[in-house]
Every structure is written in structure tokens, then in C-alpha cells.
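In what follows, structures are represented as C-alpha cells.
Shared between the two complexes below is chain A, which pairs with chain B and chain C, respectively.
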Partner chain A sequence: MARNSLLEVENVSVSFKSAQGPIRAVRDVSFRINPGEIVALVGESGSGKSTTGLATMQLIPSATVSGRICLTRKDGTKADLVSLSESDIRRVRGNEVAMIFQEPMSSLDPVFTIGTQMCEAARVHQRLSYRQAYAASIKALEAVGMPDPEKCMETYQHKLSGGMRQRVMIAMALSSKPSLLIADEPTTALDVTIQAQIVEYLKRIQKQTGMAILFITHNLGLVAEIADRAIVMYAGEIVESGSVSELFTRPRMPYTSGLLKSLPRLGRKKTLGTPIEPIPGSLPSPLALPSGCKFHPRCGHFVAGVCDTAVPELESSDQAHQVRCARWRDIARTAQ
Partner chain B sequence: MLSLIVRRLLLGIPNIILISVLLFFTILGALGSPATLMLGLDATPERILELERQYGFDRPLYVQYIDWVWKALNGDFGRSYATNQRVVDALLPRILPSVELALLGMIVAVTTSVVFSSITVGRRIVQPVVNILSLIGITVPNFMLGITLTYIFSVVLGILPTSGWAPWSAGIFEHLLHLILPVLTVAAYYFASFGLVYRAEYRATSRRLYIQVARAKGLSESAVSFRHILPNSILPVITQVGSSLGQLAAGALVAETVFSIPGVGTLFTSALLSRDFPVFLAIGMITIVSVVVMNLLADLLYVAANPQIRLD
Partner chain C sequence: MSSEMAPLLQVEGLRKWFDITRGVFGRKVGQVKAVDDVSFTVRSREVLGLAGESGSGKTTIGRSVLRLVEPSAGRVVFDGTDVTSLNTADLRRFRRRMQIIFQDPLAALNPQMTIEEVLSEPLIVQGIGRSDADRRNRAVELLDSVSLSSDYLKRRPGEMSGGQRQRIVIARALAVNPEFIVADEPVSALDVSIQAQIIALLIELKGRLGLSMLFISHDLAAMEYISDRIAVLYLGRVMEIGPSSEVCGNFKHPYTEMLISAVPQPEPGYQRKIFPAGEIPSAASPPSGCVFRTRCSYARPECAQIVPQLRKVAEDHYTACIRDDLSLSRVLL
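Right after this comes the complex of A and B.
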């Protein structure tokens, strides 16, 4: 299994410089994505999800990235994206790993038509004539359910709704048939019905193309809908990971349980009137992280001397289920 | 788009009228009778009266204004007091050199400021050079710059002519050779001021998500810069070009004088010195009209460059 994984992220840390000292936004993160797998990266705002995604694309020039991000390329060779030169990483961006972002409203260049931008994307990595690029773009727009692709090619972004713009972004991201799509909260800015459509299209396209998706979200409801596996991040660290069914039925880390409880009635359409329990408190500032378990100031299972001394290791609680909590065994026992 | 042009034009006309009235009345009202100006302070009252009657300065100002505008609209700007030449004849041949100098200056300023501020290859070397040149452009007065450039390139290096004007008939090479230093002198200040505006906008645009998206496509830094950041940052520069061309409409006074170019600017200076009222009034009015027209053009260019406005 290890041999054929598509992306291996090993001990990746990302830190930003700031006047108050380095901001270690992502710390010692390791995970892998297999070909064709949909993996969700979950966590509250500020937990380091986008930073992890951007680091994979090497798109944060202001940050220092350490560790290894090993990609199996289309030709079968492996490359460490962290140490790749600028011109080599450009051949990965958009070509092998594509990314779509949280705000479709500002993802498209306002001075060019959709067509110009789509053809540009299609021609960066492939030797295509403008004609061929145009035809390919029309096809890609059809694949994401764009009603009138020819007309869409001629329009400017401000004429399109948020949902339509995100479709364009997806179509554009797919133009070079990447083996991995990093989707950074692609539906957060959209309203609920549009969200569902976009997720549907992403799933459908994933099936057709067999690409892998790293789906970044803070919405556990979406995780259940789209992902095979989920990685939960808290304050820059992975705190739990496992298959989605495992995480939803047997969450081991109190933070994951908290997230699940704060979810408005999972799987049911009517959410009105259901009691939700938000996790008390808020994410610590990356400049003043608590000692020991980073979640301890907010945790209902906190025990002084156990949780606030050493940082708990990420350990396997089960096959392919990992948890970072000093007390997960005790908690699991009492829950039974 | 068409209605926009019409609207801007209609707004421009009252503008022109208002400013021209202001100009006419301040020159005539504040400076007093042109006859006194022409004859000097020790002229006899009888001589002044006679001259006023001869030129019609004894009529009420508004009558003179309407009379002037009416004749001007028919292409008659009167005769120069100094040379008795028709103002039109004195003015017309001087327009081309001034326009050429202004346009070339603008083109050089816009392209150099935008291109040098957008270059990503070797930015660490290019940027400080651009900053120093900008500082020179903004702080060094035009006449000093002109003289210094002449000293370096003509006197010391001897590769460029010191001054003067070669008409097109002298050959395009000769013509352009004489234009190099004047154009650089005109462009220097605008290079700096456009660069400031452009770089501020460039920095703001760089932070936009669609620039991140362009990078995520796999474009090179310089493709990102020239294809995406540049077109999205150029609008404020276009606006500035409009008002700067307006400023230059009277001729790049200093550059024309330093390099003795037979343009509108030098004519204006000599008209002022010789109190040649019809000449500088004509130049003033033409300047006003071209300022308004240039701003209108800049507006239209701005609209054409911005699809969001163009299509709505």
C-alpha cells in the first residue's frame, strides 16, 4: 500500500515570519493519499488546513516549509515537492496537482473572458492549438454541468453567479487531468443547494477520471457525503485520522467528538430546532499555544498533569485509525 | 458605450466654456488693458486710448469674449502684436513638434514605468535601479535634468546633438536623434509618477486570489506578472496619462526651451515676454480644449480596458 500511494506528506511543518516571532501554522503533519481516494481535511477556521494545501502546491512564498511532500508523478517517478526547483514545481502545479479555492467570487481574472482563462490553463502544460484548447474547454465546462458552454466562454466572470464561477474553476483545474485535486472549501461561500450540486459534480468527475481529491472543509456533514477518509486538524496538528465511517461512529479524540456534536443533526434534512452543542472556547493563537495537548483548555476530559505536560503522540487506536490524545483509552472505556 | 461618450462630451462642453471665460476675464481683467501692456507704463493716455479703440478693448469684456470666441470658431485668432503675423500661422507649425514630444514622452514614460515595475526576472537588481531613477525623475527639476543630459550625452560623450530640431524632411534618423534627449527629459517625471501609482496598484493586485489561481495553473512568475497582474493594475496609470497629456498640451515648456524646440511652449514663453496677448490667449484656449479632450480620451480608454464597465 505504501508503495503505490499518490501523495506522501511526511513531517511537514510550515512557519510564517511575524513581528512577534515565527508562527508555526502547521506542525509535523504526516498523511498519505492513495490514487483515486477522496480524503477530507477537517478542522475549525485557523487550524492550518489551507496552509497544508498551499504548502503542497508550494504556493506560500512567505513561509518556510520543512519536511517532505512526495508525489508520485504521472510518469511513475517520485518527486519531493518541497525541494523541487521553481521551474520544476511549475510543471506540477495545475498539471499533476490542481487546486480550487474557497472564494469563487474572486478566483477568476476580471479582465479576461472565461474562455481566455480556460484556454490559458489548457495550454500551460499541453501542446494544444488555440482551437484544440477551445474544444477541450467546452468539453470541460460540459462535464461540470455548465448550461451554455459556448456562451460561458465569451463572458466575463462578473456575469456569472458564485456557483457558476466555481464550476468554471473546477473545469479549469481539470484541464490537464491532474492526479490530485486540492479543493479548499470549494463550497463554503455558496448556498446550500449549489453546494450539493458542486459536491455531486466533484464526486461524478472523480469517478470518471479516477483522480484523488484532498477535500478541505470545516463542514463534517460534507465529509460524510464525499470522503472515504478524513484527517482532523487542530491548531496546526493532526489530531485524528481514519475512515469516515470509523470517525463518525467511533471518534476517539474529544475534539472530533465535539465537532460531531456541534453538527446540526447529521444526515437529516430538517435541521431546525435541533439542539447543537458548540465546542466551548476558541482555537488558541498560533503565537501562544498551550502546553501539552493543544486542545486541553477546551476539553471536557482534561486531567491536569496528564494532558498539559507532554504533547500526546499520534498513535494508532485501530488499523488505519490514528488519534492524538493522552486519555483516549480511558475515554473509550468509559463510553462503553 | 455610445451614450457614455455622448454624456462625457456634453459634460465637457460647459467645462470648456467655464474655464475659457475664467481665462479670458482673468487675463483681461487682472492684467488690465492690453494696450497698456503693449505700450508700457510710460505711454501717454491718448496713445493708449487710441490703441484700445483700434483693437476694440474699449468694449465691455463680455462683448470682447463673444467676439473672440466667434472669430476663433471661424479659425481667426487675430494677429500677433509682436510680429503682425496671423496667430494661426504662427501657431500651426508649432503644434506638431509639441504633440510629438508630448506623445513620445508619454509613451516612453508609460512603457518603461510599467515594464520595469513588472519585471520579475532579476527583480532584486532592477527594482533599486528603478527606485533611483524615480527619485531622480521626481526631485530633479526638468531644466536641470535637460542640461545634465545634454552635458553627459552631447558634450562629454558627444553621441547626441545638443539641441535643436530636425524636421521629418531631414530624415527619420536625424529627426529621432534630436528627439531622444527632449523626450527623456519630458518622460523622467512621468516615469516616476506613473511608476509610483502603478506599483501601488500592482502590489494590491498581487494579493488577489485570481493571481494565486494563475500561479496554481502552473504559469511562470513573469507570465503571472505580465498577463494577469499588469492588465489588472494599469487602469490608474491610464487615468494619469490623461491628465498628464493635458498638462503637456501647452507644450513641455521647459524641455522645449532647454532644447530650443520650435514648439507651442517656446511660442508661449516668447508671447508672454513680449506681452503678445492674442498669441497667449489662443494657446491658453487650445490648452483648455485639449485638456478636456485628453481627459475624455483617458476616460474612454479606461472604460475600454475595463470589461466590467464596458459591458454594463
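Right after this comes the complex of A and C.
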């Protein structure tokens, strides 16, 4: 493990209690994020991608989190977020690691103006005076492309469009200059044109500040656009990870290649001439996970006795490319 | 698709203006022009895609065609009959030929009903099938057509996955053997690996049953796959309409260019050449002239004066832009 990584997630599992028994929503997840890196966490519903993001910030009080989440703090010391006390973790949240969510409407308070909320955050986290906080908020809103920051400060969230609300959330999240931003599906509720704007601003701000981003999404197009590296999750486990160019050109796990083949691509209907190839079946229920490889009931490369017996290890197929598939060597050989 | 085929559905000058009211007496203070003077046709066995951002009026058009919302003005002619002038009883009879698939399958299904009841209800309403046994056979047939086994008859929506529920919603729409289906964002609420299944299913059903469809979506990539033609909407108006490969690959309207360039491409290293500017204005106070001019990088002073009409740029391909001197960027690879 590299010495300079910003966040090291090691063997993290998250489980919830339910009437039908414990739900192990995330199992044995390990990854790291280097300073200034944009890492995408990709998956469908139930993959555990959002749970992983929330668990990193210790934001799921009802869950049991095990493992180690080691953050290198701004002062150079390391802290394990799992074992940190509530008052210590509050100092990490916002200051060192900030988070933005899918639905900015529910993240903003309807009875206070945007300005009040932004200034409050700046005063709590950075101990600024009201005047300093106001000036900082205006600057933060300008940085995310808010057309009229002064007017925005006076309005309430319901007067803003979804895209404008998300800009406010990003401005607030970035006001205390976190070293890591966790963005949980930040553009999913927005139109494609607004999504493109938000992604562009995130990329621009990332370049200026050098912060790292953990970008949680189900959209493979966005992954290619924003991330350096991607981690693919399925049914609570990491099934593949690697650089974005590796994953998109040489996917090793049948789930990843299946996702890529099932994606309609604009302007390619004519040139490719091939119809999209859907992955058969449906996502497993967290209460009734398949034995062995969690993807085997939907996999075209399934071999009885191999795929349904033991859970395959996440192994390196290449430098910085990991795959969890018992048959990836055979599959790669036949594909050549 | 050749243009000689008689249109199955003809929409002419469709308008839907919602009143904005204020105070206890509902004083009218303005109007939202959700759909403003929209005309198009859907030919027999053809899929027309309606694309646009939220607020473009695409859903309102879909519902107006079925008269699930009453149009303020305009005509909807289905196979020679003016749907807008039908009375309630005739409309109900007509609905046998036109059905709808909704975006959120969980909201579209009654959680208390078994799948057998869900699929039998339209048959009972339309007086199809003489007995419960008849209807059950039809329900099994319908399940089979959406690739679900007859085991599902006794299940309830809550026991199924999102993709399975959407298959049930599609089966229910097919129950009365319609010729025409409005599919309103049928895959938007589904997971990526399930979306492709439903798109493939709709393409298969279209071919096998000879369906015509209005496919409403904000996902242009999925739309290009399923549609024969695409109409691009903005603030309640048609900006461009034409064969899907032309609209997606050889577009003639600046708004189409903006919309297509915004779609994230699953190609590492892909660089966007055009950045979408601004946001869709309120339909309560749309810009004068061309409604898109406030976000358009090619706008000229004349654009504020003239409401551009659709003009022909190629066979079957029309654009509502007064600038005929533009060479729009080929944004795609």
C-alpha cells in the first residue's frame, strides 16, 4: 500500500439488522484514494456503493461497520474513522471530507435563506465572522458558476432549480477546502445539459484545489468522463477495479463487460449495427445472495462447480487492475 | 420508413396551457405554455421518440394524445377519428387501441392486487374474455410475451424487482391488444443492466405485434436505438424532427447539438466540444421569437422577432431554426 494515499479503506464490511436476519450490505471492501485523484465507485442499486460512501463518513448510525478507514488528515496525522469518537468525526466531516448527495432539495433547509445556511456552515467549520463568511460564500458560489450570487444568498431553496441547488451544495461542501469530496450520484436527478455543467465545474474545481473525489454513480458514461480510476461493485462486493481506460477497453469481469455491452451508445446504431446485449436476470436480493460468485446466476461464462462453490478472490490481473472472477484467465484467453 | 404510409396518429396544432391562479378565488394571473402549437405524425408500425429536458412538454404531449389531460387547443386524429371530440363512452372504447406505460412501475401498480388481477382488470373493463378461465389464459399469454413465467400470477408487485414490475406494466398495456402505445420514460427508473432488457423487449414487441409507439425519454442514446424518428422538444415546441440517425448524427438545430453534446459518452478520453449553457426558462414567461435563443450560441437579433416554423432540410427531416448557414459540429466520434 502506497505511503502517500489520502484514504485507505481496508476490509470494510457494513451490516444492517433486519427482521429476517442481518443484511451484509457491504462485504470486505478495500481500496485507496490518492491525493488529487478522482475515483469512481460504480454499481447498480443494492451494489453497496452508497453504503460504502456513507460508511466512510460514519453516517449510518443503524449499521455495524467493521474494518479500517484510514484518513491522512491535513496536519499529516492518520486517523481511523471507524474508531474515531463522535466529536472527533464531526471535525473530519466538512473540514477534511465533504459530501454531496443526489437530492439537493432534501439537503437544504426550506425555512432559511441560502445565505444563512452557507454562512452558518462557514462560521462553524472555519470560525469566520459573519462578514468574512458572507464574502467567502459569494466567492464559493461564483466558483460553481452561480449566475447571480448576491441574489442567490437572499433566496430560499424552493426558488432554485435542481441544478442551482446542487451548485449551492457543492459551494457549501467546498467552502472549508476538504481534501476529499464524496459525491453520491450528484447529477442523477438533473437534466443531461445541467449534468454536463456540474461535472465540468467539479472537474475544474478539482484541478484548482487538488482535492480528491470519490464519485459514486451508476452511469458508466460519467465514469469515463470524470474519473481516473473506477471501482465496480456488485451485490456488496468489489468485482473489478482499475484505471478507467483499462476497464473500458479490457474489462475482465463478465459483469463489467456485460454492462458495457448493454449500454446504448449515441450515434453508434448505424456504425456498430449490433443491437444492445442485455445482461439477463435481475439483481440478487441482499437477503438471498447466491453462493460463490454473486454474479454467477446471470453470467454467460458460468461453470457449475467452479463459480457457485467458493467466493472468488479479488486478484490482480495486471498492474493496478483487479478482478474477482474464478474464470477471468480462461475468458481472456478465448476473447483473444 | 417511407412517408407514403398513412399516418396512424396525427397531432395538429396541439396546445396545453395551464392557468396560474392566485388567492382563494383562483384569480388567473398567468399561463404556463406547457405545449404550444405542436404538430407531428406517427405512422403505422413506427416509433416516434420525444426527446427534451424536463419542462419541454414531452410528458404533457403523451398524456394529451390519450386525453389523460385535456388539450387546450388542437386536434389529435387517430386512424381517421378525432380523439379530441370523443365523449367519455366513446373515449373508453377508443382506449382499447391506445395504451400507456408509465415511468415508475411501483407507482403504476396497485400493491394490493395480485398480478393476475392486474392483468385481468383491463380485460374486464373492456369486456374481453367470457370467464375467469379465459382471462387467466390471456394473463398467462401476456406474461409469456414479456418473458415471465405463469408463477407470477399469484404474486404481488411488492415481491418483484423493478424490471419485473415494468414487464408487468408493459403486459398490462398489451392486454387489450392496442395498436398504439405511449411509453413515458419506461426505463428511467430502472437499473442500467435492466434498462437494456426492457428496451430489447419493447423492440421485440414492436416487431412481433406491429405496434406504433410514442417513446418519451430524456435518454437520447436509448431513444436512438428504439425510434424510427425523433422529435426534439424545447419549452413546449418542436425544434427538430427527423429520422433518428439523422437527428442524432446529422442534426440541424442548435438545441439538438447542445442536447447531444451533453450526453456522457462511455469512451475514455472523449472530449466534449460544446458546453451546454444556461437553464431552460420558465414556461410561464417564455422568450419571444425562438424560445431557445436565450441559450443559443448562434442567436441573432432576428431570433427575438420571428417564431421559427419547421422547415424542410432533407427528406423527412425538419428544423425550426431560421439560420440555414450553420454547420453544426459533429460532436460524436
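General observations
Everything that follows uses one rule, which is that the second predicted complex is superposed on the first by the 325 of 336 C-alpha atoms of A that agree within 3 Å, B and C clash if a C-alpha of one lies under 4 Å from a C-alpha of the other, contacts with A are read in each partner's own complex, and residues count from 1 in each chain.
The working rule: a residue touches a chain if its C-beta (ideal position, glycine included) is under 8 Å from a C-beta of that chain, and two chains touch if they have at least 3 such contacts.
Quantities reported herein were computed from a predicted structural model and do not represent experimental measurements.
Partners chain B and chain C, brought together by superposition on chain A, fit side by side with no clash. Once the two complexes are laid over each other on the shared chain, residue contacts for A:A135 go to neither chain B nor chain C.
Once chain A of one complex is fitted onto chain A of the other, the partner contacts of A:E277 are limited to chain C, with no touch recorded for chain B.
In the superposed three-chain model, the partner touching more residues of chain A is C, compared with the other of chain B and chain C. Look at A:A121: by the touch rule set out above, it reaches chain B but stays clear of chain C. In the superposition on chain A, A:C70 contacts neither chain B nor chain C.
In the superposed model, A:V306 makes contact with neither chain B nor chain C. In the superposed pair of complexes, A:E225 makes contact with chain C only, with no contact to chain B. By the touch criterion defined above, A:M169 reaches chain B but does not reach chain C.
Measuring from the middle, so to speak, at the Cα centre of chain A, the directions to chain B and chain C differ by 80 degrees in steps of 10. Least inter-chain distance for chain B and chain C in the combined superposition, rounded to the nearest angstrom, is 8, based on C-alpha atoms.
By the touch rule above, chain B contacts chain A in their complex via residues 208-210, 212-221, 227-228, 231-232, 305-308, 311.
By the touch rule above, chain A contacts chain C in their complex via residues 44-45, 161, 163-164, 191-197, 199-200, 218-225, 244-245, 248-249, 258-260, 262-267, 269-270, 275-280, 282-283.
The touching residues of chain C, counted against chain A in their complex, run 53-54, 161-164, 191-197, 199-200, 203, 218-222, 224-225, 244-245, 248-249, 258-270, 272, 275-276, 279-280, 332-333.
Across the complex, chain B is touched by residues 57, 59, 86-87, 90-95, 98-99, 101, 103, 106-112, 120-121, 124-125, 156, 158-159, 169, 172, 176 of chain A.
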